[in-house]
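Structure, as structure tokens:
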């Protein structure tokens, strides 16, 4: 786990100074980068451009204007409807590891002053898998966007549906897609951002239903897993298979946007699609030589640890 | 020109006995068939199944119930809006050759008792090309179908837009497509039947906009011509390129229906889509050992020769 | 929102596991005795007794209320295929082909016909009866163009206000590179979304395998029926076992854990009604299975007739809106 | 319905043909004299005189009111490309990619931005500035996926009620086997149909070549502007000549016969307004050309604002409904 934006309890986002002398090794080019430098660069490798994964909190922090995030529906937690062996333990472990109660954070905020509903999946929490809580949160924020007449931005990062909730997790595909349909019917914009990795049930529902679909460079995007496909077709797949750039070429997504430009791109699109502008404030975190001061976005609800 | 259904003047359809001893050579298998036998077989080669082309009148005759056809808009004739060299002469020649004033016949009729608006392009008239008259007739019959709350069936057979009317013929693509849109908006069924050949501007407008798209076996269906494509890609194309069966495989049309089954298939679809049934009468012409009696479908308008 | 499922019948599962162990033991003995019996007729009576015992154990196992029996029946090679249900339920069927974009997918059929005297648009993935047919129909695993064809005919149904009847029996959307390239995920997402708001009644019958997103892409409906021994699951039991225990052979346990039977799905309120099958499974008496489905469809078609379309679409939304299980901390 | 066009200016055509013959003669002489002049400098002054004469004739030819001049200018390699118009007319452009089905077609660009302070969705086929770029953009000839991308963004415009601005400069839809296989005709027909009923204003500017159905697939609109020297034709003059006289080199005559100039198209009421170009063509002063188009767009955007959407769509239907010329016998 990375710690520059670790939040000690869910419902708030906090940034901390990094202890000097910590290094991160880039898994793509192998370069050793100080963790501080990597963080300053929005976790994009300054040598090769590799985009390290962000947690949901980090994602919101680098995207939203400072102090603008109001979390909603933070109090939803998973049950064990199937009495699936080991599931409660897995949930506890994931909560412990990620600090989150489940794999999605949703709420409202502003991007360069443009107000929007927003959601982010949290990959460290059971691979960002969509069970009932993730489905319900995405559905609720879509419904809240309709009510508030605001756009919706969702950052996806998920291995797919959550096996441990069986067919109930499969039904989250229908529930979320139906809620997104209402957003479309209300003529509100929905921007979907696919981060590494976005696969399985999340691609087969809300992630692919955006008015505009953006992706980060190199993000893995696809329905079926590489191994299953290779077993089926009995061939090796090319390296770039299911990469964001591959999807762009195949006409499946609108654009591949490097992380340092993502916030501005979203703001430009929100402006175009008529998002109300409430204020122009600086982002929580920006690329460049920012001072790592302790800033916090306090949530409106659910700041109690579980 | 074939003569079993030749009509001496447009506006009526007539069937005549064939003089004994006339033979037709099948261009596909080379078999010599008596013209009478070929006609009895709806002009499908009994040896190899090759579908000989039908004129618009023949098409209506083998499709509609006896005495059911009421022609509309028969009085429309082409002008020469561009003062295009040689066009008036070409029109006169085509009229002479085909007996038609232009390349489309439209009206109302019944198929196995199911009432429908109907149109057929006439390939012998300048290659079934769509100029202002063809565009206007298809548009009018679509509008009449909306008014009368009836389905529309169109048989296409055309080389494309009519060059001699320049951009005006191009605009018939927009006009006819708009009229078909109104039919769709009125929730009325539109069955498009592609006959050999259906290419160019007709494919790029009403022919490809059917709720259901049928085609005859072996019919050539495509936008660009084979020669142009071969010049562009510098490769020979396979024999079946742009054949109806090729289009079926590529998901572009719904079904390939041999001519002897076409009437029943259309009737089945008309029944399904709620066409009103007025009477069950025999077809004008059927496959099988029919007596070649003289029958006529008299048009409601425009039976005056020009 | 549903409540938590009752505990699994672990006692039955344990008994089934014990029976299985016994069966495996008997089979090992059969393997030892058979060569001898075949060679010189010696111990032929021993072999006969062992084989009778094995059959007995198999029969007993099939009577156990365990999920794996449904998996076996849902995948049974003799189980009536979706196309057989289609033929039995739809009169005067006319198949329509193609997505009007790329290709006609032979893994899924779509067309128009009459069901209980009503014009309906029908969808059904096709499985083969033998290897050749299975290959031709890609084992009932659609490509994106199959889903797009299905959506096209559903839009046709919407245009005319005719009900959609979707017969579901597919192990999965095809997991191939070309399918990914052409947007398998997009096609499934699009279908699911459009089905949640299609302005015409949708009836779904899960007759065999309901395999994850590939099934849901044709299975969102106002009424979802499920045959008694059909299965509906977010992941095949083999895949689940491979992930959970790195051992695909533990699929029986995974099947139990996934709660993929009709009874489970009805309890989870994902399925509206269970359609009983003839004793031993639908393949024991296909005609009776068809008749039972037909009766259920007639009932639901009539009931749906009475619902104004705006209400219908709202109800459909509300139905899926409720699905899921979570807790809310104060 | 329009009336018949006035007679072609056959006298001018004859004079142009005479000038052409003279030019050809001079060019033949140049061909004879050049090697000698290059070899030993002999007759260098003769060559200079001949070349001056050729330039004079070319200039005179360009001043003639004949259709071929428009063809030459519309295809002029220096003529501003659709992407340059796009860049000049749209502020803060964000390109969107892909048809969400098969491929992102580089022959046609689509995206969102601001035109005269209004949010608009823009479409433009891209031609290259050199061979490499031309190949990358397939010479501005879209595949079906290009048209489907365009339709997708038009639907986006409709969702938000934003005007569509389509900048048209394409010789044709790509005539290739793969394009046919993926439904070139279907894609064009679909676009044309959807554009006739799209519930948002559509403005079209034909800036260069308007090539048949491939152009119309992005050129159905409430307002269709056409640059003074652009062309719009049902068939390229070369193809027309090949069919009429089996001689593609008689394209000049065919160009005259096809009535493909802005003036002709305006007289036929297919084009609503001619946008004047700088003297010598848009490439002589691109910025002025852009500014003139921008002024016209501003005017029309404002005018379209005032029309309720139902009226707008009805007017659009009526406009295309009237197109054509025929006679009615009593």
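Letters are used for the chains, namely A, B, C and D, taken in the order the chains are written, and counting of residues starts over at 1 for each.
As a working rule, contacts are C-beta pairs under 8 Å (C-beta built on N, C-alpha and C of every residue); 3 or more make two chains touch, one makes a residue touch a chain.
This structure is a prediction, so every number in the text was calculated from the model and none was measured.
K.L.:
Count the C-beta pairs in contact for B-D and for A-D, then report the pair with the higher count.
P.N.:
The greater number of contacts lies at B-D.
K.L.:
Distance from the CA centroid of subunit C to that of subunit D, rounded to the nearest Å?
P.N.:
So the centroids are 55 Å from each other.
K.L.:
Just how far, in Å, is the C-alpha centre of subunit D from the one of subunit B?
P.N.:
Centre separation, subunit B to subunit D: 33 Å.
K.L.:
Please tell me the distance, in whole Å, between the geometric centres of subunit A and subunit D computed from their C-alpha atoms.
P.N.:
Taking the average C-alpha coordinate of subunit A and of subunit D, the gap between them is 44 Å.
K.L.:
Find every residue in subunit D that makes contact with two or more other chains and list them.
P.N.:
100-102, 182-183, 186
K.L.:
Two or more other chains touching the same residue: where does that happen in subunit A?
P.N.:
Only 208, 250-252 qualify.
K.L.:
Should the pattern of chain-chain touching be classed as line, ring, star, complete or other?
P.N.:
Contact map by chain: other.
K.L.:
What is the complete set of touching chain pairs?
P.N.:
Taking the chains two at a time, the touching pairs are A-C, A-D, B-C, B-D, C-D.
K.L.:
Per the contact definition, I'd like the list of subunit C residues that touch subunit D in the complex.
P.N.:
Spelled out, the residues of subunit C in touch with subunit D are 100-102, 144, 148, 182-183, 186.
K.L.:
Considering only the defined contacts, which subunit C positions touch subunit A in the complex?
P.N.:
Answer in residue numbers: 2-5, 7-8, 173-177, 179-186, 188-190, 192-197, 212-213, 216-217, 220, 232-235, 240, 243-244, 257-260, 264-265, 268, 270, 317, 320-321, 323-330.
K.L.:
For the complex, which residues does subunit B have touching subunit D?
P.N.:
Contacts found on subunit B: 75-86, 131-133, 135-136, 139, 161, 163, 165-175, 177-182, 185, 200-201, 203-209, 221-225, 228-229, 232-233, 235, 237, 241-242, 246, 250-252, 302, 304, 306.
K.L.:
Which residues, counting only subunit B, touch subunit C once they are in their complex?
P.N.:
184, 187, 189, 208, 211-212, 248-255, 265, 268-269, 272-274
K.L.:
Using the touch definition up top, name the residues of subunit C that touch subunit B in the complex.
P.N.:
Residues 92, 94-105, 112-114, 119, 145, 149, 156, 159-161.
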